[in-house]
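Heads up, the thing below is written out as structure tokens.
Should a chain be cited, it is by its letter among A, B, C, D, E and F, assigned in written order, with residues numbered from 1 in that chain.
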Amino acid sequence: MQNDIKRIEIITDYAFLSRLVKVIDGTGVSGYTILKDVAGKGLRGNKDGHGIAGGFKNCYIMVCCDEKEAKKVVEAVKPLITKYGGICIVSDAHWVIHN
Amino acid sequence: MQNDIKRIEIITDYAFLSRLVKVIDGTGVSGYTILKDVAGKGLRGNKDGHGIAGGFKNCYIMVCCDEKEAKKVVEAVKPLITKYGGICIVSDAHWVIHN
Amino acid sequence: MQNDIKRIEIITDYAFLSRLVKVIDGTGVSGYTILKDVAGKGLRGNKDGHGIAGGFKNCYIMVCCDEKEAKKVVEAVKPLITKYGGICIVSDAHWVIHN
Amino acid sequence: MDFNQLLSNFLAPPVPFFFLGLIAVLLKSDIEIPQQISKFISLYLLMAIGFKGGVELHHSGFSTEVGLVLICAMAMAILTPLYAYWILRKRLDIPNAAALAAAFGSVSAVTFITASNILADADIAFGGEMVAAMALMESPSIVIGVWIYRKYHDHGANAQHLDLKELLREAFLNGSIVVLLGSLIIGLVSHEKGMQIMQPFTGGIFKGMLSFFLLDMGVVAGKRLGAIKQAGWFLVGFGILLPLFNAAIGIGISYMLGLNQGNAFMFTVLCASASYIAVPAAMRIAIPEANPGIYVPVALAITFPFNIMAGLPLYYYIIELIHK
Amino acid sequence: MDFNQLLSNFLAPPVPFFFLGLIAVLLKSDIEIPQQISKFISLYLLMAIGFKGGVELHHSGFSTEVGLVLICAMAMAILTPLYAYWILRKRLDIPNAAALAAAFGSVSAVTFITASNILADADIAFGGEMVAAMALMESPSIVIGVWIYRKYHDHGANAQHLDLKELLREAFLNGSIVVLLGSLIIGLVSHEKGMQIMQPFTGGIFKGMLSFFLLDMGVVAGKRLGAIKQAGWFLVGFGILLPLFNAAIGIGISYMLGLNQGNAFMFTVLCASASYIAVPAAMRIAIPEANPGIYVPVALAITFPFNIMAGLPLYYYIIELIHK
Amino acid sequence: MDFNQLLSNFLAPPVPFFFLGLIAVLLKSDIEIPQQISKFISLYLLMAIGFKGGVELHHSGFSTEVGLVLICAMAMAILTPLYAYWILRKRLDIPNAAALAAAFGSVSAVTFITASNILADADIAFGGEMVAAMALMESPSIVIGVWIYRKYHDHGANAQHLDLKELLREAFLNGSIVVLLGSLIIGLVSHEKGMQIMQPFTGGIFKGMLSFFLLDMGVVAGKRLGAIKQAGWFLVGFGILLPLFNAAIGIGISYMLGLNQGNAFMFTVLCASASYIAVPAAMRIAIPEANPGIYVPVALAITFPFNIMAGLPLYYYIIELIHK
């Protein structure tokens, strides 16, 4: 019933969402999930999520895919994250239903 | 200090949130967490999360429970997801605190 | 390329966000991610996320750190969660990129 | 007013803001309007138009004409999806044909509101019963669409049955209809007194709020335009010709009912418009096999712009000729 | 105006929109108003009422009467939770009794604003000091409630101590109070000039915005009604009788202070209303053992509707009789 | 009006609401304005000021003066970042110097709008071309900033190249500019007719909405103040002295162009203001090494408050003296 997958999570400045989506689309994964109102703190200071002043806020992207695709996605987003900041983590999960 | 649990994540069209909650309540799990403003992309196209036009947006539900309950939840949501689309994934985690 | 980390997730009433952030900052972790519009259900009833009436809503905090820091964070938030409710779970993940 | 005057109306707010939004997206601008704001303004618009309709209805009162208008409105909402489905089946599969047919049986509140602005500019009144007609036309096509779908598209009907109950409730008690009808009743009961209280809110800033909403609509329509290319010319043609056909029927009915110019125009607009909010929301649940990427863009990115750009002035012009 | 006229006020906006929201939820409509919009409109209402109050206060000026009103308001905010707690303890445990008592010692801004509309309709003025009184009454009961709770409910007091400091800051500097008092001061300083600048915003669209907010309140109250069933008849009775009792005291005090009709009405409304925003927010932190599912619904789904439906007309009627 | 009258303007809304927000944060109040609301109101303000500017421009028409104003505006937007960078390099590294310089080459719409209120209070008109100038001045400094950064800060230029194209599009087609210019064109085309339609929305509630937005700005500025301490006195001085220097240049240019009092004031305000929205958004992408915690607070928490508090009255006063 279950097959293993990788669960990739990317969090970075909201300004780069469109770029991130573009490169992820490029890897040909079946889908992804996006959160647009994400606050937080990191090496680049506090993101309190305020609307004014160029939006001190983040975006969150989650991709579920098999290990092969995962490698592709990670390679694709690496340059963006290393340049613009944020984090990318991978954890294990299982498809239960995907339709 | 820690006991193992399953972490179930369900993402589907926002239109089905109330139905999902109903079936999950039916399984008698102790609780769940919901995100209502979720964008993304999948087999059913792009959910850019726009307010007009019947809301092209998703909902996200996360349930933490033991393996037995997890099976129940998965069985309960399976028909909805298979019919309406979206994903349901399960991963391992540990309760640290639950009060 | 990958080193193991712990992924701590805390969900509790929105009213305690500022307190949680304060104690987490105290542990000296490199960062954390916050969601401010979180609905859900638990032992303390339904959080439908309505704006009026003292906000029946939750907050979500996710911290990625190594095992040692993880222990610190858990110890730090434990009193708050046990007193005010909510959950704190830990799962395994891998840094892929952190910059 | 003559055709030129009429067209000049489309160079004045609110309509041009729709094209501003559309162009912004085509230019790949990052313009973004939070969905919570869209929700707020759409509820505001329904509240305002419903309330004004109620006050109007208090003045006009319930006549047999009112009754006939409501019956014809209902009839159009039921018949349109039937022949729309018959046409659409020539190219689409059953689920998509049924869902899109349902969209055209229903109405577009924003098109209705934009039309009411044209009349306001020309100092032509219309009866509150037209607002009631709009509320009445919103949901029946959902039921028809689902009925067609169930009839031709074999399905675990039992498993569906419970769903169906809930679906009807959702169709007839969705937020838009409740706010529209509720505000209509409140306007009906409070009339002058209420109007004088609400005027600055439902009247004064109304066209400005509508302009803002149309800007938003333009942005969303622009984002959906891409889907049209996939949809192909058949659907583009359908999205333009069916409104014209329905408008013709609407004008005919208005003539037979002897409606005055204002009511005839609004009734025609109701027939010619298609739903991109209520119906899609219901279809997503009732006909999950149908592709929202098809039925939303046709109503939102083809029929809606066509109506506010070319349709409304045309319907207005013809009806004015008839009433001369 | 006589009782019938008065009741007719409740058929005119804004009040009926509360019931529209309530009914929509009871009909299981999917109506949803984004919380960000609720927040926006509630800040707007506080800004508007605070600003107008400041302008009023500039006109009336600071008299001994003003001073006495503020002192009595303060006294009511301190005493109410004490006897409310004593009553509630007959059925509730200490944390819940203390939290609910605190809610009734505080005030409801929306009830106050709705009441101000009744006076406006009857062309009766009230002094800006009543707005100051509202601000003054919002927080003291929080302190009383926590004090009671600490006194009777043994607790790691030291661990709490730091919390307490922060709690007081949160109680007296929560967003609502800051915006209300700040706007009051701005109105006080800018008076005519400011009023003429702000009028279309704080005046013109005010009742419309209030109508929208009441629609929202109705929806939330409807969602909370379920919790009432659990709460049981004791709390339903309490949510109706305590306001009546407090109103009686308020009328008595107003009479002794010789307040004019407008001020007497507003003061009475302050005494009779209960908080469902500021206090619950504070109680959730200060008395985590108390169940928000109890103290919010009583104030929001019982006392608030009772006041705007039956309480306000009744208080108004009695005070008018006294002033004849 | 004399200096005292002028100062008294700052005790009337909208300005004091900025300080209310600022004080609220300094008092650690939990006041929170949802970002979706900020976005809504900022779009509203751009729509309103753009639309009014368009109507104005229709009246004034395109003269050589208009052309000269636009050219000088453009020149200031290009030159300011150059000398600003030269100064900032004395203390900051290349990326931060370039990013902050770009912010000062651009403009602050809210400062511009607040300035327009002062003129309105004094019944002094200004030409719609000033709004066009504002739109024209928003983006060039972004290009200059990036150009400086690329020139002095060695980089994988090729990898960047594609970015650059996208960056320019984002710079010149960001939502603010599109809404501002689009509304200006709509105002230009619809003029009287449009104005009469939009007046209650773009005029009536304008100052109230601006007050609300300034409250929000105050809150955000307060939250950013902490970062200033780190930034140090050099940047505080820079955030005050550069606007004064630019204002002087602006006054000089206005004098040479023989602009009337209103236009001279608005042109000066454009030169003296710095961007805390469009430019930071672009810099975050174009110069990721620069720290938003530096360039945003200087523009938002130093230059902006300084301008609306002291700068605007000062510039106004001097220009009035010149025109006597």
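Before moving on, here are some points about what is shown:
FYI, a residue touches a chain if its C-beta (ideal position, glycine included) is under 8 Å from a C-beta of that chain, and two chains touch if they have at least 3 such contacts.
From a predicted model like this one, the values you see are computed outputs, not experimental measurements.
Fewest steps needed to get from chain B to chain E, stepping only to touching chains, is 2.
Chain centre most remote from that of chain E: A (centre = mean of CA atoms). Comparing the contact residues of chain E and chain F by number shows a mostly separate set, under half of all numbers used being common to the two copies. Seen from the Cα centre of chain B, the chain whose own Cα centre is farthest off is F. Chain centres here are Cα means. That of chain B falls 34 Å from that of chain D. A separation of 38 Å divides the Cα centre of chain A from that of chain D.
Each of the following residues of chain D touches two or more other chains: 30, 33-37, 39-40, 200, 204-205. Multi-chain contact residues, meaning those touching two or more other chains, occur in chain B at positions 35, 37, 49, 85, 91-92.
Taken together, the chains touch in the following pairs: A-B, A-C, A-F, B-C, B-D, C-E, D-E, D-F, E-F.
Against chain B, in their complex, chain D makes its touches with residues 33-39, 42, 216-217, 220, 223-224, 227, 276-281, 284-285, 288, 291-293, 296, 300. The residues of chain F lying in touch with chain E in their complex are 8, 11-14, 16-17, 20, 23-24, 27-34, 36-37, 40, 200, 204-205, 207-209, 211-212, 215. Put simply, chain A touches chain B in their complex at residues 2, 5, 7, 21, 25, 30-37, 64, 91-99.
By the touch criterion stated above, chain C contacts chain E in their complex at residues 13, 15-16, 37, 44-46, 48-57, 83-85. Every residue of chain B that touches chain A in the complex is listed here, in rising order: 8-9, 11, 35, 37-43, 49, 58, 60, 74, 77-78, 81-82, 85-92.
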